[in-house]
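The two complexes that follow have subunit A in common; it is paired with subunit B in the first and with subunit C in the second.
Right, the complex of A and B next:
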């Protein structure tokens, strides 16, 4: 059971990946009109580790967009699966907006998301 | 714990008359298909109740579209299968109720950027279980779901899928219990939707800082201080003096979330 095929269109995500900006160590982010929140991407199970784990992302973006970003970053094949988990408990639906998850499940100013290539929890 | 059993039963038994019509562009036969009428449970999801309807329309469409994923719209608005049916009706029809609810059935031009794909019912189950887990993280730090057995999880799902109230509530009651010394959940799982279908979800404590029970009026002034809105769920406007804890225990959808529309 998986929801991996249910993301936004890849073509749409590709142009948006360029907009995902690095979060600098001193906490500065590039100034835009959009509200950004910090997410921390942690590998689990057999998933490859991401060299850069902390990212500042547009709070209005959906989880499906993050999934496509991670798949692209890890250079996964289009048919490879990727699962994202919040609180190491539940897999948010791809259309859930980052801001809602950050408000409810963020800790210490960031939202921790675990990713893996097979179903890890539930 | 939920104890107003009549309320739970009333909510569970809520049904909607729906009239499905095949999109004119899909019809390949000279003979027009009859519309398909059915009563559907408000608490269910469309993929669980449309097998017969799909069979009814399949012989009227182009064979090359027969294996495509079917999708629905109301008034040009594609309907998300992963939201409960009754909630979708309240969202799009709540302010101007019509019965039967007339929906259009499509087998082509799937709106990729709006709808998630639903190749089979396992996907609905996965989505449902994940939402229950999210709600339990908010209510009990996830402790109830994680201590349940797999067969309990199955029973929840089967109870919903087969419209079995007792089977469902035998398990769901444990998710509606309060833990610890304080009576009430840690937070109330609630999603508040605007007309466009987007929603906000925040940490909502069922109590005020002085320990008194928080009511709907107080929630509204917390979230919308400038603009006092009204909230609707299960086809009714929620009285402003309803305590949030009671609302959560009795008016949540089977996924354990309150889905309320601004009206």
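Right, the complex of A and C next:
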């Protein structure tokens, strides 16, 4: 099942995708034609907060890339695990592309991600 | 929903019911099994997974761990010949790079608390702490399962996030 199909029902996100495309068409001034998505990172549980919460991220990047970024930004120990959540409920797989998540879970033109850290999985 | 000490069986059951409802809608094949006499409550999915052009049969379960009072995850994966995969085979199939030491500290093969047969079971010790860090979770099973899916090459459709 392709992700485009699975998200078709959500008309709101459809219109946001349109917006995204318009941005792309109008974004001639930008050197590259990469689409950026606004991401809001919120700490939860025992995770430290980030000074800068809002980031514009390349829409084609996988979510695992953001995980690595946040880990570096927060200077986490190598054995600490970082988890990113949408809707405070669902942790997408690290190979999931940001664009897909934005289409499914984006609100008000941005994608809100909660993060928490842990020493282990189990 | 999340108590300081454990996750109640009622919370597990209601999460399992809404999880299976989504699964039915998108034909993801998770089934909820419950037996009041045996105190066994679990959701189960039988599926096939493809890795490096080979097909494997997999069985995934999330059961209510009575001793720890948390949802727990267990699974078995078989080759097409029928032989059971070893933990090392499973680590190599993992979607993320994880060190042997880390992987073995998370998953062990043991007698299943509900089924009584050998299964790979996730250690339940940290589960509560992880779930407690997301107190606004709309479904603990989604929260819990999506944590571990990258470890074991199980794809969880995005629909589960739209609760």
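Criterion: the second predicted complex is superposed on the first by the 86 of 122 C-alpha atoms of A that agree within 3 Å, B and C clash if a C-alpha of one lies under 4 Å from a C-alpha of the other, contacts with A are read in each partner's own complex, and residues count from 1 in each chain.
As a working rule, a contact is a pair of C-beta atoms (placed from the backbone, for glycine too) under 8 Å apart; a residue touches a chain by one contact, two chains touch by 3 or more.
The shown structure was predicted, so the numbers you read here are calculated from the model rather than taken from an experiment.
A.B. asks: Once the structures are superposed on A, label A:89 by its partner contacts, choosing first (subunit B), second (subunit C), both or neither.
C.D. replies: After superposition on chain A, A:89 lies in contact with both partners, subunit B and subunit C.
A.B. asks: Touching A:105, do we find subunit B (first), subunit C (second), both, or neither?
C.D. replies: It touches subunit B and subunit C both.
A.B. asks: Contacts for A:97 in the overlay, against subunit B (first) and subunit C (second): which applies, first, second, both or neither?
C.D. replies: A:97 contacts subunit B only, not subunit C.
A.B. asks: Taking the superposition on A as described, I'd like to know which of subunit B and subunit C A:36 touches: first, second, both or neither.
C.D. replies: neither
A.B. asks: Tell me which touches more residues of subunit A here: subunit C or subunit B.
C.D. replies: Result: the larger residue contact count on subunit A belongs to C.
A.B. asks: Need the overlap of the two footprints on subunit A, from subunit B and from subunit C, as residue ranges.
C.D. replies: Touching subunit B in the first complex and subunit C in the second, residues 1, 3, 6, 86-87, 89-95, 100-101, 104-105, 122 of subunit A appear in both lists.
A.B. asks: Inside the complex, what are the residues of subunit A that reach subunit B?
C.D. replies: Answer in residue numbers: 1-3, 5-6, 8-9, 12, 86-87, 89-95, 97, 100-101, 103-105, 122.
A.B. asks: Contact residues on subunit C for subunit A in the complex?
C.D. replies: 26, 95-96, 102, 105-107, 122-127, 129-130, 132-139, 142-143, 146-151, 155-163
A.B. asks: Flag every residue of subunit B that touches subunit A in the complex, lowest number first.
C.D. replies: 80, 82, 112-113, 116-119, 122-123, 125-127, 129-131, 133-134, 137-138, 142, 145-146, 187, 191, 198-203
A.B. asks: Going by the contact rule set out above, which residues of subunit A touch subunit C in the complex?
C.D. replies: Contacts found on subunit A: 1, 3, 6-7, 10, 44-47, 64, 79, 83, 85-96, 100-101, 104-105, 114, 116, 118-122.
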